[in-house]
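Structures follow.
You will see two complexes here that share chain A, one where it goes with chain B and one where it goes with chain C.
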Partner chain A sequence: MSFEAGDLGWLVPYLILAVVGMVLVLAEAFFKGRDHTSLAGLAVAGCVASGVASIVLVRQLAGSEQHMLLGSMLVADRTSYVLSALFAFTTAACALISPAHQKEHGWKIGEYYGVLLLSASGCVMLAHAANMVTVFLGIETMSIGVYVMTAMRRRSRRGNEAAMKYFLIGAFATGFLMYGMALIYGASGTLSLVEMPAAIARTHNPGLVIAGGFLLVVAFGFKVAAVPFHMWAPDAYEGAPTPVTGFMAAAVKSAAIAAMIRVFGTALGGDITPFGALGWASPLVVIAAITITIGNITAVRQDNVKRMLAYSSISHAGVLLVGVCAMGLGSSSAQASLVYYLIAYSVATMGVFAVVSYVGSRGRERLLVDDWGGLASQHPGAALAMTICLLSFGGMPPTGGFFAKFYLFKSAMDVYSGQLLWVVVIGVVNSAISIYYYLRIVTAMYFRDSTQPMAPTRSAGLLFVMAACPLLVLELGLMPGFWLKLIGG
Partner chain B sequence: MPGAFLLPLLIGIPLLGAILVMCTPKAEYTLHRGIGLAVTTVTFLVSLAILKFFDSKGDGYQLVFDAEWIPGLGAHFKTGVDGISVFLVLLTTFLMPLTLLGTGKGIEKHVREFIAAMLVLEAGMIGAFVSLDVFLFYVFWEVMLIPMYLLIGIWGGQRRLYASIKFVIYTMAGSLCMLVAIFYVYVQHAHVTGVYTTDLQELLQVSLPYHAQVWCFAAFALAFAIKVPLFPLHTWLPDAHVEAPTAGSVILAGVMLKFGIYGFLRYAMPLFPHGAAVWAPAIAILAVIGIIYGALVAFAQDDVKKLVAYSSVSHLGFCALGIFTLTTYGISGSIYAMLSHGLTTGGLFLGIGYLYERRHTRRMAEYGGIWKQMPVFAGLYLVIVMGSAGLPALSGFVGEFMTLLGTFNARDTFPIGHADFLPYPRLLAALATTGVIFGAIYLLWMFHKVFFGKLDKAKNGKLPDLSTRELAVFIPLVVGIFLMGMFPRPMLTTMEPAVKKFVSDFDRRLTDLGRESDPEGLPRLYGTTGPVVPPPASPPIPVVPVMGDTP
Partner chain C sequence: MGDLVFDIGYGHFLVLAAVLFVIGMAGVLIRRNALIILMSVELMLNAANMTLLAFSRMWGDLSAHTFALIVIAVAAAEAAVGLAIVVAVFRGRRNVDVDRLTALRH
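Right after this comes the complex of A and B.
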């Protein structure tokens, strides 16, 4: 392994998050018992700096230029920087929502911001990962932070249960991940994701590769909450504090997909075997189809907004897995479409969870759909923001969600000889189901009268996120050209 | 192209108006109504300028505006009109100010949001009529959905929650099927030509394999048949109409239903001619069932609004039947009937709105003898009812007559080699004609029950006649109905070149390609052995009998 100081220049976005995260953990010691808003401010500043650095660096890259960094452990390309910027945005949004939520719901813990940024740095590492080791490190850095954040409301029994479930299942999944990596290493003799296709082509043990691929599918299935590995998600989403739920749904899921882009799309993908990209694609397609369907059908039956959004995010994970399969099967536009989908999905997710934390206050979260009655007449801005983000989830034009779905399904249809046509049909038909439950919330907000007066949480940061996300969602839908150019689609 | 900016402008003005009205203070209801009326009037005046630039002898797209929208995907912001769509655009812009002027007391809460929703709806409708790019069309098609959902859900009647969600789910289910077919056409086109584009005219250059056409047509047809609505898929319509506020009903029946027929003409039939040939008998039969069924059910209603809603099912059946005759008469008649239906049904719903504002009921049994109280209203309403029933010299007659004539003669005038396109055309025409008779019966019966008879309900004793504002809404409609009934020629001649081109293009695409892409085998998905079907060469290939018949 070689270390070159010049490589660090390409890793500035990562370094900023990691350093600011550590500074925050230390700084917290000097803020005991005082207001944490300034800590949140520092966290946001770190995220903004990291995001700006990503944007500056992505403009340095020409086309599909790649830089292998730190002895090929990490890679710097368009995808990694665009996703880093996205993680910085998500984390900043989360940090902006958090202070007011902490105050209203009584979980003022200063370490939170430090843990948040360290977890985000794990996400960024996944976006850069070029080696099984960095994939593992990234996933663990990210996950451990999220386990801690889920448990931050120490007095909430639900929160504790959620954190425990999340932690146990996460640890279990790590085992699968480790074992899968080990088998593939055993067969190919390399951990580098870039060298892997060539190494696998030379292997004498294709069975080991296929078994390893299955284990990785299971491990990542847990991480992105794909059916049947999704059981932890609704509980964890419900029990975690709302900003953390937003972070889990947006950043953690996106980071896991980013890792899948590297592992399945690059390392195990391509035309190595005639169908199935080494056997993992066929089970993954089936998992994707089941995930989309079960996620949506279960969401229809939810009365709790957070659980509904949890199941909705499960179904989105299914759509993303379709994109991963398409990439593994050699669709040229799949990578760009996945990145675009992650952007549209994450932005809308942060908008939605910002509104969810806006609606509740003083220890009461108002999570039942019926509690949202009359929001439109009392707080029209919040209702409009929620509606735009939900319509984006449902894939209605002219929002970013529509274009994201269009682009991703188009890339799935591009797969040679159309093996993914059936799953595209399932995905599109499921949009109709999803529209039904998203509109349940819209219906409650606009068409029903309020049962009780609203006393929402107000803070400048929260309002900013609530305004910025819907605008960005609309921009993503109306002018996708700019983003496609940035992603390189 | 001169005047190319007009169509984007027509989409932009209502959108800007919607933003403008949302920026005004919340309680200024008069201001909101004023802005709404001004914006829609300006839109109408601008749309009149289309006629100045429109060459009525041209058969292609005119006033074409083309700008690249999403370079990576080949999506264009491409708009244009031809003889088929130009009057539908004018109908939209004409009905809109009248609708806003006509909704007075009906809308009393959230007026600002109401005006904004109506303006967004207008932009969406105009956009869907003028798009020449499937991606753009789909975007506008869906953009129409949400404002209408809000119109029904916020300002609707008792069962508005149920009606609004039913409307959305029905429409979404259909349009998502269409989306899958769009994907298929789009990717297939790219596999054959190597260029990704959603431009309609480009997509038409490649023809899909036979089986793919059948399925893709079915997917498009589902979306459009729900919108029309054709017989078994019509159940959302009475609910949506009855629960919607007057303005919503007028726009829904007056304009939005037309997208079903328009979609068949613009997208489904040209893109998948073989699919159209396969499904045409089924659709024609469903259309005839719809004509008769709608009329019979309308006859059984006590709620005036429901009666008019079912009359729409019946009337739109004529339009659906007309386009599948594949004759110039049938198609022109179908478009004419759509335009006439827009005016008459809009008028019928507005009139019901006026009665409802005065009496707060829509049950016919509650009325009777209204003529004596509101003679002006009754006289004007009679014209509209007659126009809807298809009395000669009024607008409804022309369209329905031409449609029936086209259907009756379908076999004789049929494009060569497709004699079986429509089975038993004379029988279908005869059955559909009963719909005209039924239509006259239920409409006159409704008029009789409401306006004639004894004035025996005390509440009907002191009903004020139409106000100036209400008159200002009704008179343009009545004048329009008269003009369309007595001078159909200018409009029909303007449509004719485009309709003729539609028929000849359809014929060429059906015969050129024959059934060469193996009807026996499974649908070949993508070009595994080079292009599936070569793009049609411009000189016609010798005629191949398509449906197995010798000419």
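Right after this comes the complex of A and C.
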């Protein structure tokens, strides 16, 4: 173990988020009863500074260069910085759409911004994690913050209920995570994810690795809301305030996948551990196939937009799990394709939830698909933004979602002797199914008349996110080369 | 000094931890009171801690000891948030039965 001050330079994106988060929690004490917009401004400034720092640092690193930090607890490489920039900007978008939502729906709580940034710092820690201790700490920092944010509307029955379900399932998953980590530690004798493959290769207890791997599959299954561990997700997504739902769907899910990249892709990957009937890849790929299918089929039946988006994000988690399997099974392009998918998915998610916040106002959320009738004639910009983001979800060219799915499935095809071919076929068929329910919202917006005039929530920050996300989605689709170069794929 | 009845080795600790974990898991799945579920989760975490400590001694490596301490600290933070949520739910409904949380079901 060693501590070097130089390591802190590599951790600037993380430190900015953590320090600004703590300052915000303190500052709230002096802002009692006053307008919270300035707190939101500080939160956005902190996130943008953290994101810019990540981008500066990613340019300092060559393709596969890695720096181990703080006694090998954390790692700095291109993937970690691209992901931490993604988390920082996602959080900035969330902080931008929050003040208007707080004002319209009556939950003006200043601590929210501090908790949001602290939770984001947990996400960034997961992007850097190189040890099981930091994986655990990152997941808990992130999750505890999100439980608090879900429960923030204290008087709301639905908000409380969502928080309770989310908390109990999250804590249950933590139990599996810890026990799985303990068993793998028992087999390998190390907590470091970097030393893990070599340690597992010479273990005398492969049974412990198998059991631990299965427990970790369950734990991460809960965290990314994979079927059959997904029952909390629609309730938590619906009951949480819409900006928090956006944060949960974009940053939290991406951070859990980032941890899976480190744990399953790197530490438990290799030539032996994932393979065979007892390797972790077998249950994970079956879970991925079920998740994609059940997520889509259930989404078709939803009338509530937030629940529909929850099931859609469940099916996206399934696609991401295919990528994790491909990475563990040795596909060299899988890591870059996962990061690209996370970028495209998170940007579109923030755009979609910004529009959902925009449509509701004055305590009325207007979440039913029927409520969206005639949006295009009254607010063509919002309808267009929603359409572009939904098409990206559905994987239509020329959006980022199309290339994300394309690269991810292509990397899954690279796996030795086409083992993942069947799940790629399932994924492609399901993309076609998913278009159906995304188009339901689009049809309602464009081809149905409104039942009553709309009075959407207006604020500069919200409009900025609604404009920036669709543009970025198109840019991701039209110039994917730039992004893949940045990721190092 | 030898043990009076039989030698207690790592295996005993690991089996005890596994039993605790299964009891905790069963508690979460079977009991419907949110507080009992929270207690069962703590049982699962303690089972994991005990496993970590037994293996840590077996490997002669202190890193898992620190890990267990961190887990205890984080579990306390998690329980604090969890109890706050339980109190908020109780204020609105006068019970904390998870089967009666049905406002969000369609």
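One rule holds in what follows: the second predicted complex is superposed on the first by the 484 of 489 C-alpha atoms of A that agree within 3 Å, B and C clash if a C-alpha of one lies under 4 Å from a C-alpha of the other, contacts with A are read in each partner's own complex, and residues count from 1 in each chain.
The rule is short, and it goes like this: a contact is a pair of C-beta atoms (placed from the backbone, for glycine too) under 8 Å apart; a residue touches a chain by one contact, two chains touch by 3 or more.
Owing to the predicted nature of the structure, the values given are computational and were not obtained by experimental measurement.
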**OP:** In the overlay, answer first, second, both or neither for which of chain B and chain C A:407 touches.
**Re:** first
Original post:
Which of the two partners, first being chain B and second being chain C, lies in contact with A:447: first, second, both, or neither?
Top reply: first
Original post:
Which of the two partners, first being chain B and second being chain C, lies in contact with A:201: first, second, both, or neither?
Top reply: neither
Original post:
After superposition on the shared chain, which partner residues are touched by A:231: those of chain B (first), chain C (second), both, or neither?
Top reply: neither
Subject >> Partner chain(s) touched by A:151 [first = chain B, second = chain C, both, neither] >> reply: second
Original post:
If you stack the two complexes on chain A, which partner ends up touching A:396: first (chain B), second (chain C), both, or neither?
Top reply: first
Original post:
In the superposed arrangement, does A:431 touch chain B (first), chain C (second), both or neither?
Top reply: first
Subject >> Of chain A, residues touching chain B in the complex >> reply: 333, 336, 377, 380, 391, 396-398, 402-403, 406-407, 409-410, 413-414, 416-418, 421, 424-425, 428-429, 431-432, 435-436, 439, 443, 446-448, 480-481, 484-485, 489
Original post:
For the complex, which residues does chain A have touching chain C?
Top reply: 132-133, 136-137, 140, 144, 147-148, 151, 154-155, 157-158, 160-165, 167-168, 171-172, 174-176, 178-179, 181-183, 185-186, 189-191, 234-235, 238-239, 302-304, 307
**OP:** Could you pull out which chain C residues touch chain A in their complex?
**Re:** 14, 21, 24-25, 28, 34, 37-38, 41, 44-45, 47-49, 51-52, 54-56, 58-59, 61, 63-64, 66-67, 70-71, 74, 77-78, 81-82, 84-86, 88-89, 92-93, 98, 101, 103-106
Subject >> chain B - residues contacting chain A, complex >> reply: 69-73, 110, 113, 135, 138-139, 142-143, 145-146, 149-150, 153-154, 160-161, 164-165, 168-169, 172-173, 176-177, 179-180, 183-184, 186-187, 190, 525-526, 528
